[in-house]
Each structure stands twice: as C-alpha cells, then as structure tokens.
C-alpha cells in the first residue's frame, strides 16, 4: 500500500461511516473487566435481540475497549445519544432495547450511576465522571472495535505515521516530541524526547524500539486497557519512534497475565502488516519496521528496562548496573529505546496536533494527561485519564464518587510497591511528578488505590514489602537480604513484638536499601515504608513495646 | 535432592501432540537460544507445567546448558515444575484486592481445603495459587477459577464455587 | 594514549580512559572493598560494596562497572559509604549460616577479612538461619550452600573461563541458590569438567576440596586472571 | 580507686571461651589488682551480686538462660557478650536450621549409640529448650562484644584491662577482631 491507498481507505471508511445505513450504534464494553462481569454474554444476547426485532439494518453492535467505570460493568453505550447503561445483564436487555430503540427514551433507573446519584445524567458526557476527564491516550478506547483496523483508520489512525514518513525528518519528529514535553509514563518521568534524541545520536546499523507493557504494579491496569482498547495506537507510536531513531525492529513486551491484550496486539500487528502499515517499505517509503510480541512470564522486576532486555534475550530477568544505559547498549548490545505503552499511545496525537498543543495541557513541569487506574475503597473504580495537575481530591471525590459506604478518606497509595501513601491532609496535592515526589511518593505507572480507616498502614507497608521481597531478583545484596530483613521487622511490628531499636534499624535499613540497590526495584522498595512512616508514624509507635 | 536423568530426545513420544506443538514452535523460532522463554510458554501451555523430559528436550534442541534453562524456568512465576492441578484457583492479592479483603478469602480457601497457596490437593483436583495482580482491580476482590474471573467475591461464595467444581467434576 | 584527569579522595590522578573506577583505584592503592569482583571475569555490580560517590551524580555507583570520565570527582571513603559497607557485611553474615568456627576457610576467608576491614564485631539484624544443603556428591569437591554469599563468581568462572556452564542460579529473591545442571547433585553433572576453577574463585568456604579440615583451605583466586591473561597471549 | 567487681557467666556455649580466659595466664594477677572475680564457673560463688562487668559466654538456648540473662542484665553495669556464641550464636545456633523435634530425635532417638528404647527426656525439672537459639543482643542490651571462637587470650585481656581502667576498648582499631 502506498500513501494514496491509505488516504483512499480512510476516505472510503469515513464516507461509509457518514452515509451509514445504521441509525444507532451500540458499543458493548469488552475490556477485561467487563468481560469478567459477563459482557460477552450480553453482547451475544443483544445481537439476538436486535435480530429478533428485525433491527439489524438500523443498529450496529460493536465490541469496544474499556469505557472507564469497570466496577459498574458490563457497560453498554448507545450512540449517538450517549446513553450508557451499567451492570447490564441478559435479563434486562430486551427492556432496554424496547425503550431505547423503539420508544426512543432511556430507562433512567438503569443508566450509569443511577443507583448512586440522585439523578443519572442522560447524556453521559455531562456526568462529572467524564466531564473532569480529558482523554488523549485513551481517546478511542470505548468507541472503536479494537479488533478492526478500519475502525482505527476512521479515527485518523496511522495519519501521524503518514505525516512523519512524508513530511518530517527524524530530527523534526524528535523536536516535536521534545516540544510536547511528554515524560515517560512508566514511572520515572524521564523526558521522552530527550531519550529519543539520545538513541538517535548513537550511530549503529541496528537499533531497537521496545514497548514496555510489563505492567507489574499490583493495582494498575492502564497499559492493559490501552493495549486491549486501542492496540493500533501503540503500534503507530512505536513505528513513529522507529522512524525517528532509525530502528527497523520493535518488541512489545506484554505481561503474560494479559492474554486478551496479547491476542489483540498480535492481531493488530497482523492487520497492519497486511495493509502495509508495518513491515517492509511502509507506505511505499524506504522505511521498514517490524514488531514482535514478547510475552512476560511473571516477574515484576522485568518492568525495569535492563531486566526487560535480559528477558527479551531469553534470560533471567535480572537488571544490570547502568551506565551504560540501554540508549547506548541495550538489546543485544545495540542502542535501544524503551518507552511505556502509555507513552507510545500519546505519540500520534502529539504528531497530529503538534507538540505545542500537548505541552499546554497539564502543568509546566508535567505536560499532558495521565491515565490512572482507580481502585480500592472508592465508589467508581476503573480507568480514568486526567490532565496532569488535577488534584487528588478532584479524582477521588468528583470523578471517583467518594469513598464507599460514606467512610472517611484515609490515604491514597500511588505508584504501587515503588510508591507511597498520601494522607488526607494532602488531598489537594496536584497529581504531577514533582508534587508526588515531594510527598515521598511517586507517580509510578498510575495505580491509585484509595484506602479508608479499615486499612492499617503498618500492614500496608508490610504488604508492599512482602511484594518486593518476593519479586526481588536476588542479584544484589541490599535488595535480596535487605527487603527480607525489612519484611521480618515489619512483621514483628505488626505482631506488636518490636521495640524502638527495631524501628530505628528498620529506618536505617530503608535508607540503605534505597541508596545502594542496583536497580529501581530495590531503590524504591522502601518507599511505601518510608512514606507511611512519614505520614502515619503514630501507627508504628502505637505498636512498639518496651524492652524489659 | 534427587537425580533427574534426562530422556534422550529420540526417545520422546513422537505421537504426543503436545510435543509436536513444542517442536513446531522450536522450528518457528529457528532454534534460537533467545527464544527460550517463548518456547517455555508453549510447553507450559501444552502441559500445564514443565515436565523434566520436556525441559531436557528443549535444552538439547536449543543447545543451551541445562543450568541456564533451569535458572530461567525458576526465575519466572509463570513456569511451574510441578502439575498445578486439574482445576486452578488463583486468588489475586494485588493492592486493590488486598484492601478489599483478599487475605480473608485466601485464608478461608486454605482452611477449607487444608492446604497452602502454591499447593495442590492430594487428589490433584485443585491447585491454589496467588497472583500479584491480575489487573481486574475494578472488580476487587477477584479470584480466577479455571480462567474465569470471579468478581467481587466473598469467602463463602468462593468456597461454594470450588466445592461445585471439585464435586461435580 | 591520552590520559584524563580525575580526582579520587582529593588525590589528583591522570588515568587511561576506558578503565573502570575500580581498576584505577587498585592501580593507585586506593582501597575499594569488593566481594563479587574477580579479576578475569565480567563484573556485575552485585555486592554493592564498591559503591562510590561521584560529584554531580546523586546516585551511588559501583566502582567495578563504572568507567572513569574526565574530571570525575570520586569519593570512596565517606562516612555514608563506610556505614553502608558495614550494613552490607552484616547482611552477608545474617543471610546464610556462616559458622566460622567450623569452616574450612576460617582464617583464609574473604568474608571474614571484609568483616575485619569494616570493623564488624557483631550483627545487629537477626540471622535468617535458612536450611541449606551440603552437596557432597562430587568425588573430589563439596558445595556447601550454608556458606555461599551468591557472589556468583563460580558461575561466571565456569561459564566464561572454563566454558562448561555447570553452575547457574535458580529461583529469585532471598531464595536464590547456585545450582548444577537441572538442580541435580554436582556429582551427576553432565557439564562439569571437574576443573576446580570454581574452588579458587569462591571467596568463602562454600566450595572446597574434600579431605581437608578446618582452616586448611588454600585458595588462589588470582589464578583465574593469570589463566585469562595467558590465554590472551596464546601461551 | 576502689576495686571493681567482675563476673563471668557460662550460658549456651562449650566453655571454650572460659578456657581462653584462663589462657591470659599470669596477667590474671593484673586483673586481680583491679577487680575481684565475684562469680564465675572458675570461682565458688553461687549468687549473682551487683557487678561492674559481666562477661557472658554462650547464647540463649533455653528458658533458664532467658531468665538468667535478664537477671544478669539487672545486676551488671557493663554486660559483655563473650565469644562467637554470645555474639552470633555460632555453633550453638546450628540447630536453628532444623525444627526442634528433629534435633531431639537426632540426639536421643536416632543416634547410633541409642538403643531401641531411646527417648527424648521430658522431666519437668529439666530446662526447656527454646525453639530457636538467639544471641544475647536479641534479649537484652549488650554493652560490648568480643567475637571469636574462642577469643584470643590477648584480646580478652585487652578488653578487660581497658574496661577496668575506665576506657572503652576498640577491637577494630586494635586489630583484634576475629571470628571463628
């Protein structure tokens, strides 16, 4: 396929969409969360219902990726009215179809948040849950069928790739990404443009692009939803990166725990290859780029870039000291660019709308939007995307609908086992890289767990330490033995057997492990402990016993 | 420590369709040593675990040192050297599930079956495992019973479902 | 070759680029403590004893894997580094079962020497007391996991110098163990050539020849590098 | 300067440290000038009086040791962990790798010298072994430690002499550290 063919296809698909014979479109959320709640059944039943009523020429039913409020699933969205039904089950489909399509009015009691709001919003876009959000990385998730490349093409898919291939030099692409000020969404927040430039500058006949989809943080499912809801977006981002840095091969490392994401991503690769959007001589140019999926095998540490590289090479996923950084010597010793799924998902809008547009969203130091996986004791758990700098309070109360059962907010845990807990007095913290670090937490990949008074903070710290202890690769001493020691000490505190000396040693160890560990896993393993010590020290001290 | 003598490749049951799957995957990956993890995935999916004979077959086919293969296998949680049981019950203990009481669920299952996570019942009917997060945090607490996600479960419910599984099958 | 100026512990030096900080320090008699480093095999930066402070870099970097760069200002003996070295040593002792009194390497052990150097008189953390195997299946040698500190020098020597790759590491975290073949007894290994290099590479009394008693062990870790050098010269 | 009071105690150890203490030979006279040894396995004292310095050999292996070390801590101004067992459990702690029952069985039931009737003694007046052997510092605050199995006589004398002269010894600086 050449450039003209792509334009023709997009044009044809758009035309088809405009002159659509269908009057209605029903999106059934088939994200992993809704599937677990039974959305595939619902989808089947819905199709039958449409058929029996003879509406198949008027109504199009499509499966989509994640719509957001996962714990309200299965979700079903009627377009163009934007009526979203929650907790749909096979028994009320008939009634919904009758009311929505025949009588042309929604059943209010079944709409999204009908059971928790005084009055649900008929047009879901008016609901503060959606109003406060700004979807860039998740733009098409929940609107398009992730298993059809045409759906993506209709929404200007692969136009950014087309643009860079024909209108931009690699330097210009990098400049655009730099101007967007987007920072790596994997956790550390390293400026993506700078990373691209570094890899670009290393001269080598072979370079690689790696998409890090080893989302190991417990409580995080952003990458999963993006990969499941819009795999082509990620693929396009990777191809653009390949063009910019001069790589012809990419790897997507996806967690083995996400079979659906793997399936959809592999399908996306196949479809893109078939249309010539991937493979040799993309769109008739000299640029070739191929992507292969590598399946993770259950090791948190493989989210660390050097460990991930070792894992792709088929070895134990143990990190190695940096420098040299992967940008200089990565996969098989070649210059390698590693970015997170969410970072790649933001690339094509940046190219399409310009880096300046993106840089104006968010805060001066943290540009753009961030996807959070909201979970825990919160009313509307699920996936959200907000501009950087949105306050925690807005996320928890305006979007998340507050704490379950009207309890008080106690703490929010960000950044998973590498992050920390934010107490109630800091509810007005702006969610951006620097503000979170100043509170002893980190942005991390975007897991956001809300806790109420039933969570014991010492036990929370112990829980995360146990995680890090189990996930430590065992290579360096501070992490291998230090996490075990800290875990044992925390256990002792939890059992009300520890003394002040134990607590002092625990703190000393925490700082030691943080500063001396070989990689980021060990370096951040003490974070949950240190942040709960900082904000909830009293809970520790209440459990200290006196030496007799 | 017991001795584990490897079965020579030529003695592998050629008719076993599962071996054919592995052989096909080996070929597809052109016997490259760096495809080790991919091939282990195939074997793990085919057998449900990694039997010794299969491991030594893969080791020889990829021309890798045995200790290198064993070290990789034991590093990753996905790979198991023992059968995980006919049915599997995977309790998610990710943060969201933890906050919502996953430990109570696990305790109840362990108590009910008289085993610990990571073990299999004596009749090999059911294996209980814990996952560090299955990414279904919106549905916490979650348990995966034979690949089917059970959302927002209570300890009683899950024990009932397990009983139904082992009882009827 | 052009040299580059660096400063280590206030000492001005002119050194060859391309060398690691550790190499430079050893050449200039600046003491750097190490455990996992063994001249002749690749460095992995695992023991974290050789961490140094470098001005302008907020992380501590391992001297064995970091190359010198022009105008680097390096400190090897600050209070912070000394404190961390002590904790690392304590963790080494607490992790497995190091009973010097009954060890073949007593008096010739690099871990003991390390303890003396950092002034370690007792271990503040509780010992973990793991159950570890003693593999006596090899006709000549013994592998005692109680005394292993997971420096993986034996693994690297076996793989890089002997080329046998009998040893590797299994499991992860605090459950790691050095294994032979498919975690089978050493005596049944199909890859081991019984060359004995791992004995010399081992810093403690974890691998030792049979038929010696407490304190009699003779080790020569330097022979690994001699061997590597001689091979380079094609002697 | 009034004479100090010195005690030496033997808990879960082999008494080798006390043997080494005797190896300070005639220097015991220098010690005797500065201190009275009021309780020790080598002198005939039954009660533990208030002392300035207590050298405690061995680790805590039983309920009796536990009570004893708490008592010693109360009576001693300076408590010195004496030898590897007291400092890091050493050989005494080697039973920690196994469950207590296995240890008993190995000694009383399965040992070759036992006949078929071999059984684990369980008389109530016997001391009760703890599940795990622990060093002194896990039970009480320890003021100084002398590692070594056994510590050298020179080291022991050095430490005693410094303390008796109200100076704090430093084994690292004195190059007298030794394990095993």
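Note that the chains take the letters A, B, C and D in the order they are written out, and that residue 1 is the start of every chain.
Rule of thumb we're sticking to: contacts are C-beta pairs under 8 Å (C-beta built on N, C-alpha and C of every residue); 3 or more make two chains touch, one makes a residue touch a chain.
Remember, it's a predicted structure, so these values are computed and weren't measured experimentally.
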Result of counting contacting C-beta pairs for C-D and B-C, higher pair: C-D
Far-end chain from subunit C, centres as C-alpha averages: A
Rounded Å distance, subunit A centre to subunit D centre (Cα mean): 59
Geometric centre distance via CA averages, subunit D-subunit B, whole Å: 50
Whole-Å gap between the CA centroids of subunit B and subunit C: 35
Centroid distance [mean C-alpha coordinates] between subunit D and subunit C, Å: 33
Per-residue multi-chain contacts in subunit B, two or more chains: 68, 71, 75
Residues within subunit A bordering two or more other chains: 299, 316, 470-471, 473
Sites on subunit D at which at least two other chains make contact: none
Residue ranges of subunit C touching subunit D (in the complex, touch as defined): 93, 97, 99-103, 106-107, 112, 115-116, 119-124, 126-127, 129-132, 146
Subunit A - residues contacting subunit C, complex: 299, 301, 316, 320-321, 323, 469-478, 480-485, 488, 505, 508-509, 512, 515-518
Subunit C - residues contacting subunit B, complex: 133, 135, 159, 164-172, 179-185, 188, 190-191
Contacting residues of subunit B [partner subunit C, same complex]: 1-4, 6, 52, 55-56, 65-71, 74-75
Subunit C - residues contacting subunit A, complex: 44-48, 51, 59-62, 65-67, 80, 83-84, 87-88, 91-92, 94-95, 124-126, 128, 150, 169, 171-176
